[in-house]
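Read through the structure below, which is laid out as structure tokens, and then see the notes.
Lettered A, B, C and D in written order, each chain numbered from 1.
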């Protein structure tokens, strides 16, 4: 298992190859990408920044917890930081497991924990030229209204 | 969206590329592979057979239902039939969606429905030279004991 | 009338073939066809009420058959 | 004693920098340090009780600081 924060483009196929093994019946690959609209605003790109040393530590903790909880060591997570354009991958999560149910659960667990506690931030850049730090807690609060 | 039964090796990376789009924030790729042990027996390979015309019809129905239910047309399913060796991919399911929750749900829906109703069968070949048609209903009944 | 019965996987092993042209009386149902098939399986390897598809769609056993129908007898599926 | 405060993303904008060496009395807690930081933020752009990590681990505000600690003030995370 492995977790990394990188500045270069992610390679989902390499992650899929890395987690493969004849003991596994199911491989699950999650790829998060920069999309063109968020909260109704036209997005042109995203700048990701991180507290790198802590982010790697937290990611490694999440991967280890997923491995132990769901019973597989074939887990790889890579998050990219820096300037990303539309359609580019910001995160790749690969999980392989003998059984599919655990593969789905582990993959979902990792992305939810990543979003909850890994110190990574994003500044969205909009087509109108403005840019803004994204605050998911504000978005959730607004959505709950 | 697209569903296919093929006899040639599957290409997960091609499926991932096919479902990509700047409107999507999450791509999910499920890859089912032949594993070396099943129900405690050492497996050497699997022969998949199908009722091809009906299987394509059922798969297309599942893909269309997932697309309408979860709100995305970026859905691709390919199932391979014929003789497969350990580690080879038997099925690839690609789903991309603006949001991750729906991507996970749609992917899981498709694999569960596929296993429930698409007319594909497999004969496992064991290291001891024997081979047997797999009956998941029998396995489930035994597991419930 | 003539019906085409299709057998797959373990059921093809039961009948030693993957296809059989069968004569059934007009108005016969899936259940009637299955009775004829069970008569060809003295060892009772075919289950009493197997899954059936008529013309590529899953069908109930009370469905009335029409000339030329393709009736597939479907073992437990195991895709994925 | 000297503490290193780290600011990220929108909080780096608040303080116009990403790092600040701060002098605090021995025995100070995270909350004490935050009080000093709030004093540097008259526009109150830093929330009253932000997330904090001490030496790369999330920490409670009653944690007692030690010389050389690295205290990161963490805006709402938005990875993925």
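We adopt the following convention: a contact is a pair of C-beta atoms (placed from the backbone, for glycine too) under 8 Å apart; a residue touches a chain by one contact, two chains touch by 3 or more.
A quick note: this is a predicted structure, and the numbers were derived from the prediction, not measured.
Enquirer: Relative to chain A, which chain's C-alpha centre is the most remote?
Expert: Of all chains, C has its centre farthest from that of chain A.
Enquirer: List the centre-to-centre spacing of chain A and chain C in whole Å, with centres computed as mean CA coordinates.
Expert: Taking the average C-alpha coordinate of chain A and of chain C, the gap between them is 49 Å.
Enquirer: Could you please state the distance in Å, as a whole number, between where the Cα atoms of chain B are centred and where those of chain C are centred?
Expert: Result: the chain centres lie 26 Å from each other.
Enquirer: Rounded to the nearest whole Å, what is the centre-to-centre distance of chain C and chain D, using the mean of the C-alpha atoms as each centre?
Expert: Roughly 73 Å separates the two chain centres.
Enquirer: Which positions in chain A are in touch with at least two other chains?
Expert: 32, 100, 111
Enquirer: Identify all positions of chain D at which a residue touches two or more other chains, and write them in rising order.
Expert: 80
Enquirer: Using the contact rule from the top, write out all pairs of chains that touch.
Expert: Pairwise, the chains that meet the contact rule are A-B, A-D, B-C.
Enquirer: Please output the residues of chain D touching chain A within their complex, sorted ascending.
Expert: My answer: residues 6, 8-10, 13, 53, 56-58, 72, 74-80.
Enquirer: Write out the stretch or stretches of chain B touching chain A in their complex.
Expert: By the definition above, chain B touches chain A via 12-13, 16, 20-37, 86-87, 98, 100, 103-104, 107-108, 111.
Enquirer: Considering only the defined contacts, which chain A positions touch chain D in the complex?
Expert: 32, 48-51, 53-55, 57, 79, 90-91, 111, 114-123, 133-138
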